[in-house]
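Which chain is which? They are A, B, C and D, in the order written, and residues in each are numbered from 1.
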Amino acid sequence: MSSSIGENLRLTIFGQSHSPAVGMTLEGVPAGENLDFDVLAAFLRRRAPGQNAWSTARKEADAPEFLSGLLGNTTCGTPLTAIIRNTDTRSKDYSALKITPRPGHADFTAEVKYHGFQDFAGGGHFSGRLTAPLCIAGGICLQILKREGITVISRIAAIGDIQDEGELLSSTAGKNFPTVSDVQGEKMRALIAEARAEEDSVGGVVECAVLGLPAGLGDPMFDGMENRIAAIVFGIPAVKGLEFGAGFASATLRGSENNDAFALRDGKIVTETNRCGGILGGITNGMPLVFRAAFKPTPSIAQSQRTVNLQTMEEENLNIVGRHDPCIVPRAVPVVESAAAIAVYDALLGRRKEER
Amino acid sequence: MSSSIGENLRLTIFGQSHSPAVGMTLEGVPAGENLDFDVLAAFLRRRAPGQNAWSTARKEADAPEFLSGLLGNTTCGTPLTAIIRNTDTRSKDYSALKITPRPGHADFTAEVKYHGFQDFAGGGHFSGRLTAPLCIAGGICLQILKREGITVISRIAAIGDIQDEGELLSSTAGKNFPTVSDVQGEKMRALIAEARAEEDSVGGVVECAVLGLPAGLGDPMFDGMENRIAAIVFGIPAVKGLEFGAGFASATLRGSENNDAFALRDGKIVTETNRCGGILGGITNGMPLVFRAAFKPTPSIAQSQRTVNLQTMEEENLNIVGRHDPCIVPRAVPVVESAAAIAVYDALLGRRKEER
Amino acid sequence: MSSSIGENLRLTIFGQSHSPAVGMTLEGVPAGENLDFDVLAAFLRRRAPGQNAWSTARKEADAPEFLSGLLGNTTCGTPLTAIIRNTDTRSKDYSALKITPRPGHADFTAEVKYHGFQDFAGGGHFSGRLTAPLCIAGGICLQILKREGITVISRIAAIGDIQDEGELLSSTAGKNFPTVSDVQGEKMRALIAEARAEEDSVGGVVECAVLGLPAGLGDPMFDGMENRIAAIVFGIPAVKGLEFGAGFASATLRGSENNDAFALRDGKIVTETNRCGGILGGITNGMPLVFRAAFKPTPSIAQSQRTVNLQTMEEENLNIVGRHDPCIVPRAVPVVESAAAIAVYDALLGRRKEER
Amino acid sequence: MSSSIGENLRLTIFGQSHSPAVGMTLEGVPAGENLDFDVLAAFLRRRAPGQNAWSTARKEADAPEFLSGLLGNTTCGTPLTAIIRNTDTRSKDYSALKITPRPGHADFTAEVKYHGFQDFAGGGHFSGRLTAPLCIAGGICLQILKREGITVISRIAAIGDIQDEGELLSSTAGKNFPTVSDVQGEKMRALIAEARAEEDSVGGVVECAVLGLPAGLGDPMFDGMENRIAAIVFGIPAVKGLEFGAGFASATLRGSENNDAFALRDGKIVTETNRCGGILGGITNGMPLVFRAAFKPTPSIAQSQRTVNLQTMEEENLNIVGRHDPCIVPRAVPVVESAAAIAVYDALLGRRKEER
């Protein structure tokens, strides 16, 4: 089912941009896990709109209401369901989206798929709004993983053609605009401002690392850590590419350059380099699990674009009104972390079945 | 389960490099589909080793034996199971792999995951040999899709840092070494030969396109066409990156550059460009579905490498004997096509549930 | 995952007896299905408590709030989520259930399974309250099936040792206390009243039939119609037995008595009898699909019972206070219909994949 | 998928009665489990035909060949696949089954479902032959469970209207014709012989108990132990009813009679009676898990029967030639044990995820 994912941990996401609520159900979290709702709220705020200059002006509280799965602040072993109410919805007329599909959006494909019955308001089920419940699930997993010594960090690796410099560190992840190099971060923000000024948008890359992983998580074939992470990351709107470790660059290397030699450090087996991104044969090797996701530029731009009117079946100009994020990447950072946390926690639960 | 994939079409792959057989079970193929076993055999030969200068010398018949699911040459609606016998197995001593894990291979992670009980001979369950049953399933799906007007083509887009030139065409796909530019193809083959001569290996990129797709296949969130293809492609050994349409390059573009304008051609809605790779919101838009998979260089190289002896817990040199593909990419081409065909046919079957 | 069921239609149920809400998510309903909420409300009222003399006095509105999946009254193709608020919860002290588990309830097994972290209030996740969201899903499926000419009817086949007489008819299903024989129905009600007066409870049997089914629904092996229905029906609290067609009685028959001869009626292939309950090889044969579910007596009784105090680890008497249904069977009738409707609609969606 | 079952342990069954082989793939068995193939062979012989007076004369070696998942006799953590070759198949003309469907068989429903493309020879995918691979999986699980102190025993509880007497014991399970009362067993055998002499068949009931289970296995709602067992047991051809503990009889009891009081025995919490069959709220309570499955009489009988000729669309007489089991129940005993073992082992693996 397209709105559910996971084997040992099952996440289901529901809601549309303008339905009464969006939400999620998370099955499989064992009983007895204490949740800190302040920490969760702080995590969700990183994704919320209206926080700063580079995101849309729409302000939402995004405070989740938990409907089930808890006794006090502790999981009771049954499905966790939390919802976020959509407020101020249906306030304007979105019906044009049904007739003149926006380039780069799912308006046209939804019209075909749902035979015209789709909820088109605000992007419906395809809205970035649906990443809020993904972050609820991610935020829960992050708290549980942390108690197991596993942390997830990430950074903005690129905005447009401006790359971050230096290596991803835990300290980076705490920043408001998480880049290692503040100089590069400043250039990125300038590029976003420029795109906005030009009624345009810009894409970018998020890099994410999972630290503290034991070796032995994940499975061969279709449940490798790459497969598990890909299955969630490609569910984030606007992601068009994903690579692990050296990724596409490894395709240009010789085996002698790309192989990570095994070595001993303090009696522990490590690899001297980490071009495999901490994954061999789909299974973690104990080194940081590293991946990068490429985001296309926000398709909603103020510039006039060409589309086809589905009623008249004639080409025409489309002018999208309203304010949109000129760059989705900064707000996508916690969403990518959530995807990683969910995939890793599922693998961790699965690993327990193999313990002897 | 890690060896199974798919929702409407369920593929299960079994076997190890040196077990009595490898094989696959494909559930969900409707009754009444006629299979051409000569066409299937020809498809499997494209993946088989020992075909030419750039692959390993191991020769295998790779002729599948169908055990179930057929009445004559026609599917009868029950699970299709086919196996390929492994011959000449266990003929040499692989136990060193258990003690001195090869860099870039799953020897170490398998040792941890399976608590020392893994089948280490020839890479066990992690062997490229397991892509043979994947190609059986893929070959079946390709035949059925073709009757629906859907074809899958692909090319070697890069070997090392040598890129193919020109646009992927159906005619390319028929070539023995499928590149658009024969000049670039020649350079690629020279690079592979060079790597072999240097006791090294080299990686590359496969580009794949699905043509003739109707609009409306795939689902939002976790069952988008990207997710479905990624879930299988990352199950192919050595894949470390995947991108759709403009992929990582779209992250460097402005929205005005990246959006594909809708247009009319012969009364049909198309997009003027195809940077989205034929997928919007996870759903096909009727344009070619295009993706690229990055393969790391074959980790088995003849050069001496550093590893850790798991018995003595000391670092030591490892020399891998035997002959291996200096580049896996040419043989991976039909495997990538198989992944695409399986994902697309699953989506096509799922689409039927929505027809009114 | 234990709170989810279904392949083409995926139902997830969440909530505890005293959590903020109970609810359900139904994935896989195609876009364009119009829902009549008055019809749904009337269906839910059949399950609601406080309706009459034989059920608990607790009154609940049980009005579902739909959070997603709709555009107006019509499904939009995305997950349908509906919740029912739990009101007046946590108003009394349930902690005794944790210490002195009630015989016949899940208090003890929940304590073991959830390591003491279970939500014990009102039975938590094991409460009959969770059948309310099951009925939301069932009520939706019933409306869609009806448009396909498929109806689900049922009756109280037995209360205690009093059996209904005559054959299940559509007209029976409309009754307030659905028995074919009003005389037997009157005796059943008297038995329930007697059990209540004696501070005891009584069990019974619900018989259900699905009419108007096409031949060819369901699958061999593990997705037969029996398996599909069993997978849901045994999720209804208190069900301890299930049989199809002649069921356990068929075990006492000769083959010559039990086989249903094929015959022609108005050019249509039928069977002269229906001892197979409309299912052969797991697949519908076009005759009514008939099954019976046995419900144990409500375990909550006012009489004193023996249990073990988990704190002192001593045996002691337990007196359950509060009012409970002396017989759950009448309220279970629409729950059984829901289980049938969900299973049949899933099979019907699956059938579409096989159409040529 | 209809030929697969299980969540933590995934069983896939393939093959038709007259395809080259039948077989099974079992995913999820952890690495390091030693298998005794002599014990497995002895278990499979209990199901094999041609053993004695009450089964069909067809003799089959039924020796499984393991194709994958093992290193020597020990599981290596990857999918276990085993096949049994079908010999002497296609030796006669089965095409009449396609034209004149046998009452009580799946010939007619298969014709409709598979649009005439079904493999009709020997019952195809619906043949009891498919229980052989189910027993391979069951036999593997039984060996692993035994090492955990869990055993599965069963008996013939009834043949026709002759009931066994006394309580199911471990010693019963070892008998050739497993009844507690040898007197009743003799009567049952006489009834089978009588049915055979009259060119008829007879049904019966198998009772099964799982001993040594820890409390806490299974889940609420749809993954209760009842649901898990039902999902497999109803996949056994000819099963038409299933009940747990007191089952249908509990529907006739008062709560005060049916509730199992908790008590202490040697410091361990037990129940004084076991009418719940060891399951409360879907979860084991540490008492024996007990269930009974009702089998209809073998539909293949030598007596003339009425059917419809699908070509001429006229009613006609059908005479089935060949020898068939006059009673399938004795051979079904290990199949029922297999179903229980598979369901229990899956739950046991799932339980590990909840351990803290």
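Rule of thumb we're sticking to: a contact is a pair of C-beta atoms (placed from the backbone, for glycine too) under 8 Å apart; a residue touches a chain by one contact, two chains touch by 3 or more.
Everything numeric in this text was worked out from a predicted model, so none of it was measured.
Student: Starting from the Cα centroid of chain A, hunt down the chain whose centroid lies farthest away.
Tutor: Between chain A and the rest, the longest centre separation is with D.
Student: Could you tell me which pair, A-B or A-C, is linked by more C-beta pairs in contact?
Tutor: Counting C-beta pairs in contact, A-B comes out ahead.
Student: Could you please state the distance in Å, as a whole number, between where the Cα atoms of chain A are centred and where those of chain B are centred?
Tutor: 26
Student: Using mean C-alpha positions as chain centres, tell me how far chain B is from chain C in Å, no decimals.
Tutor: 46
Student: What whole-number Å value describes the gap between the mean CA coordinates of chain A and chain C?
Tutor: Here the centre of chain C sits 39 Å away from the centre of chain A.
Student: By the touch rule stated above, which residues of chain A touch at least two different other chains?
Tutor: Those would be 1-4, 13, 28, 31-32, 77-78, 113-115, 125, 220, 354, 356.
Student: Would you tell me which residues of chain A are touching chain B in their complex?
Tutor: Contact set of chain A toward chain B: 1-5, 7, 13, 101, 103-106, 108-110, 112-115, 125-126, 130, 158, 160-161, 195, 198, 200-205, 215-216, 219-224, 226-227, 230-232, 234-235, 237, 239-248, 250-264, 267, 269, 271-272, 275-277, 280-285, 294-301, 303, 305-308, 310, 313-315, 354, 356.
Student: Under the definition above, what is the set of chain C residues touching chain A in their complex?
Tutor: 1-4, 10, 12-16, 19-23, 25, 27-28, 31-32, 65-71, 74-81, 83, 113-119, 124-125
Student: Inside the complex, what are the residues of chain C that reach chain B?
Tutor: Going by the criterion above, the answer is residues 8, 28, 30-32, 77-78, 220, 349-350, 352-356.
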